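Following are the structures in question.
Shared between the two complexes below is subunit A, which has subunit B as its partner in the first and subunit C in the second.
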Partner chain A sequence: MAILEIKNFTFRYPQAARPALKDISLSVAKGEFVGITGPTGAGKTTLACCLNGIIPHFQGGEATGRIELDGLSIFNKSTAQISRLVGSVFQDPEAQIISSEVEQELAFGLENLGFAPVEMEKRISEVLELAGIPDLRHRSTIGLSGGQKQRVAIACALAMRPEILLLDEPTSELDPVGTEEVFQVLSRLNHEHGITVLVVEQKTEQLAAHAGRILVLDDGALVMDGEPWQVFARQRELQAIGVKIPQVTKLAGMLGGSDKYSLPLTVEQARIYIERLVRS
Partner chain B sequence: MAAAVEYIQKDSPVHRLNAATKIFWALFTLACGLLFNDYRYLLGLLASVLLVAAAGRVLKNLLPAITGLSVFALILLLIQALFYDQGQVIFHLIPQTSYLPVTNYGILSGVAMAARMLSLVLSFLVLLATTRIQDMVLTMVEKFKMPYDYAFMFMTTLRFIPTFLGEVRQITDAQKARGHAVEGFNPFKKIRSYAPVTVPLVLISLNKAENMAMAMETRGYGGGRRTYFKEPKMRGADYLLTAVLLLLLVLGVTARVKGLGVM
Partner chain C sequence: MTAARQPLIKVENLTYQYNGAQPVLKNISLEIGRGECLAVIGQNGSGKTTLVKHFNGLLKPSSGRVYINGRDTGPQKVSTLARTVGYVFQNPDHQIFHDTVGKEVAFGLKNLRLPAEEIERRVNEALEAVGLTGHYATYPFNLSKGQRQRVALASVLAMHTEVIVLDEPTTGQDYRESVQIMEMVKNLHEKGHTIVFITHDMSLVARYAARTVVLCEGEILADAPVRAVFAQPELLARSYLKPPQITLLAQELGKRAIPPDVISVREMYDLLQKARADKIGCCG
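== the complex of A and B ==
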C-alpha cells in the first residue's frame, strides 16, 4: 500500500527562473527505507521541505501536481497537522534542539499538539527505547555529542507517531561514529518496527548499506529509482552527475560486476565477493 | 561568582517546593528587608535566609557569592559608619582630633544596611539555585498569565547561550588562524577589530534562527491549545508555607505600623 504518492510534482521558488523540482512522480510503500541522493543543488532538500509542509507554508513558491500522504493531499493541511504524519529531522543538530533537557525536548511537540501528560509519559519512554537512548532521558541537551543530538531529534520526530520518518542530511555535521549511530537506529526502526524511512543523504556508502531503495535527483528531476545495486550499477551515469559511488562498489564495477550478486555494497559483501573471485 | 547564580540540581525540601512558593518567599524577604531598619530584625532576616539556603543544601555552592557580597557589605558598613554622625561618639577615625567621628548608631545602621543587602541578594540567589528556569517560567505562564510565546522566547534564549558561545569561539579561532588579531589599546580600533567576528556570528545566528523556526514548525508549534508535560503542582507544604509567610507578612506590617523594628 502506498503511503506517499507524488504525481507530476513541479515546484518553483519565488523569483526563481527555473523550477527547483521538475515533474516528479513516485510512490513509496509502507515500511520502505528510501534514500534520496544527488549532487548539491539537485533539489533534495526542496523535496524534503515539500513533504513536511515547510513548503508552501513556511517558504512560499509555486507548485503544480499532487503530493498525497495516506491518500490525502498535504497542501490543504497546516504544518501542525502534517507534523503528525511526517516526522522531520534536520541537518543541524544544534538548531533543531529547542529545550535544554532531553525529556522536555521530547515533550515539546506533544505539548504543542495538546496531548495529556499521561499519554506524553507513555510516548516519551517508548521513543527513548526506540531510538536506543533511554539513558539520556534526564541529561542536559547541551553536553550531548552530535550523534546523540540527532538520535534525540529522531526520538522527537517519532514521538508524534508519524506515518513517515523524514530526514534531511541528518549526518552531514557528524563524524563517522555519529553517522553510523544514526544509520544503525534508522535501520533498526525500519527492520524491527516497520517504520517508513525517507532519508536525504550524500553519504552513499551508508545508503548502499542500509536503504532498500535509492532515488537519484539531478537538476530537479528524478533520474534514477531502484534497489541500491541497480542504481550503483550505472556507475558512468552517476559519475557524470557527480554522485559518489561506494568505494567497494566502484572497485567491483571496475572488475566487471554488473548484477545483484557481483556488485557488493558493503565492505562485508565485498570481502565475500573478492574471496569468490580469487577462488574461481 | 558566575557559577553561583545557576540552578544546582539536588534533592532537598527547598528544591521540591513549587516555584511559585519560592518566588513568594523571595518577595517576602524583599518586603521584610524594606520594612524594617533595626539591625536586630535584619540580622534575624539574614539568618533565616541562610537557614533556607542550608535546608536547600546550596549554602556551600553559594559560599563564593557570599564571600564576594561580604566585601560589599563591609564597604557599606564603613561608609555608613563614617558618614552617620548621630548618637554617641565612640572614637574618631583620625585620633586626637574631632574629625570623622564614628558613632554607635553609625555602626549599627551600617550593620543593618549590610544585613539588608545580604538578605535581599541572597534570597534571590537561593531562589535561582533551587528552582529550574523552566519551572519559574511555567509559573509565570500559569500563575501570572504571561503568554507562552514570551516564556518560550526566554527559555530558548537561555538554551542558545552556550551554542552561541561555542560559535564565537569557533569564529575567533578561524579568524585567528587566518592572521586576524584582536589587539591594541585604542578602544575604537579594538571595536573595529571585532567586526570579522561579529559579522559571521550575526549571519550564523540568522541561519540558525531560521532552521530552528523550521524545526518548531514541523513539531506543531502554534498549532492550537497547548498542554504541559510537567505542570508544577502546588502541594500541601506549598500551601502551608505560603499561608505562614502571608501571616508573617501581616504581622510584620502591623509591627512596623506600631513602630517596632525601627531605630
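== the complex of A and C ==
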C-alpha cells in the first residue's frame, strides 16, 4: 500500500522565475527506505518541505498536482495532522534541540499533545530504545556528540509514532562514525519496525549501503528512481549531474561491472566481488 | 635559528580552556613548515577548530606558546596576524557582513591601506579565482551557500597571506562544489601557500593533503603522512574516523598483495589490473 503518492507535482516559490520542483510523480510504499540525492539547488529540501507540510502551510508559493499522505491530500491536512504521520529531522540538531536534558526534550512534544504521564513514560522509554540511546536519558543535551544529538532528534520524531521518518541531510555536520551511527539506527527502524524512511543525503556511500531505493533530483526534476545498483550503474550521467559515486561502486564500474551482481555497494560486497574477479 | 629553517607555525605545549572549563586542547606541540598542505581531522568536539583559531590569534593559549614566523602570537593583534594567516570560517555567514560581494572582498585590503587600483586588481583576481566574476555588485545573501563560501574564500585569497586556514570548507556543499573548492585550494598550495584545512571527508584528505594531524579529546593522536595514518584504522576509530572506502577495501583484500594504504580508486584499479595480469602470466 502506498503511504505517499505524488502526482505531477510542480512547485514555485513566491516571486521565483522558475519552479523549484517540476512535474514530480512517484509512489512510496509502506516500509520502504528511500534515499533522495542530487546537487545543491536540485529541489531536495523543497521536496522534503512539501512532505512535512512546511510547504504550503508556512511558506507561500504556487503548487499544482497532488501529494497524498495515507490516501489524503496533504493540502487538506493541518500541520498537526501531518506531524503525526511524518516525523521530521533536520540538518542541524542544534537548531532542533531546545531542552537541557534528553528526557525533557523527548517529553516536550508529548506534553504539547496532552499525553498522560504514564503514556509519556512509556513512549519515552520506547523511543530511547529505538534510537539506540537508552543510556542518554538523563544526560545534558549540551555535552552530547553530533551523532548522539541527531539520535535524540530521531527519538523525538519517533515519539509521535509517525508512519514516515523524514530526514533532511541529518549527517552533514557529523564525523564518519556519527554518520554511521545515524544510518544504522535508520536501518534498524526500517527493517525491524517497518518504519518508512525518507532521507535526503549527499553521502551516497551511506545511501548505497542502507537504502532500498534512490531518487536523484536535478534542477527540480526527478531524473533517476531505482534500486541503488540501477542508479549507480549510470555513472557517466551521475558524474554530469554532480552526484558522487561510492568509491567501491566506481571501481567496479571501471572494471566493467554493469549489473546487480557486478556493482558492489559496500566494502564487504566489493571484497567478495574482487576476490572472485582476481581468481577467475 | 635561521629564517629558512624556522617552521612557519610552531605550537609549543599549547593548552586551551574556554572560561575555566575542562581544557579543550591539552599540551599540544606541532610544527608546520612553509609550503605544507596539512589536514586536521578528528571527531566532533575533538578541538580542531580551537587549535586552528590559535594560528591567527583568534584565540590565545591558556598556557604554552604559538609562534608564527618565529614570533609569539601572545602579544600580537589579530589584525597583524591576519597579514600572514588568512582564515576561512566554517560558516561563511559568520564572516560576511557587507552588502555587496565586492565590498566584502575589499574589506581586508582597505584595512591594509592599499592603493585603490591595487585593491580593485586583487578583488577582481580573487573573484575570478573562485568563479564569481561578474558578482561584484551582488548582495551576498542572494547567493547560494556554496557561493557564499566562495565569497569568504575570495576575501581571504585577496589578502595574499602566506598561510590559509580553512575550517570545513566543504560542509554543506554538494560533491561538485566540494571538488571545485578543493581544486582552488590545491592551486593555492601549488603557488606556494601553506594550507591547513579541517574536514570530516576522508576522501578529500586522501586526495588533497600530504600530512594529517588526528586530534582526539584535545590531544594529538597521530601526526604523519596521510597514507601512514589511513593504514591504521584502529587508531582512526579512536577519534570516530574511518579511512576512505577504497582504503578499507584495500585493507580487507590485504592478504592478496594489495597494500593497506591505497588511497584512490585509480590506484586500486591499477593494482588490480596488475594482479589479474600477473595471475594470467603465472597460469598461462
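Convention: the second predicted complex is superposed on the first by the 280 of 280 C-alpha atoms of A that agree within 3 Å, B and C clash if a C-alpha of one lies under 4 Å from a C-alpha of the other, contacts with A are read in each partner's own complex, and residues count from 1 in each chain.
By definition in this document, a residue touches a chain if its C-beta (ideal position, glycine included) is under 8 Å from a C-beta of that chain, and two chains touch if they have at least 3 such contacts.
Every value quoted in this text rests on a predicted model; they were computed, and no experiment measured them.
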| item | value |
| --- | --- |
| First (subunit B), second (subunit C), both or neither touched by A:268 | second |
| First, second, both or neither for A:54, with subunit B first and subunit C second | first |
| Per-residue touch tally on subunit A - higher for subunit B or for subunit C | B |
| First, second, both or neither for A:176, with subunit B first and subunit C second | second |
| Which of subunit B and subunit C A:146 touches, first, second, both or neither | second |
| First (subunit B), second (subunit C), both or neither touched by A:16 | neither |
| First, second, both or neither for A:39, with subunit B first and subunit C second | second |
| First (subunit B), second (subunit C), both or neither touched by A:29 | neither |
| Overlap of subunit C and subunit B interfaces on subunit A (superposed complexes) | 91 |
| Partner subunit A, residues of subunit C touching it in the complex | 42-45, 144-146, 171-177, 200, 202-203, 237, 239-242, 244-246, 248-249, 252-253, 256, 265, 268-269, 272, 275-276, 279 |
| Touch list for subunit A against partner subunit C, complex | 38-41, 91, 145-147, 172-178, 180, 202, 205, 242-244, 246-248, 250-251, 254-255, 267-268, 270-271, 274-275, 277-279 |
| In the complex, subunit B residues that touch subunit A | 133-134, 155-156, 158-159, 162-163, 208-209, 211-231 |
| Interface residues, subunit A side, partner subunit B - complex | 49, 52-54, 57-58, 78-84, 86-88, 90-92, 94-101, 103-104, 107-117, 120-121, 124, 141-142, 156, 160 |
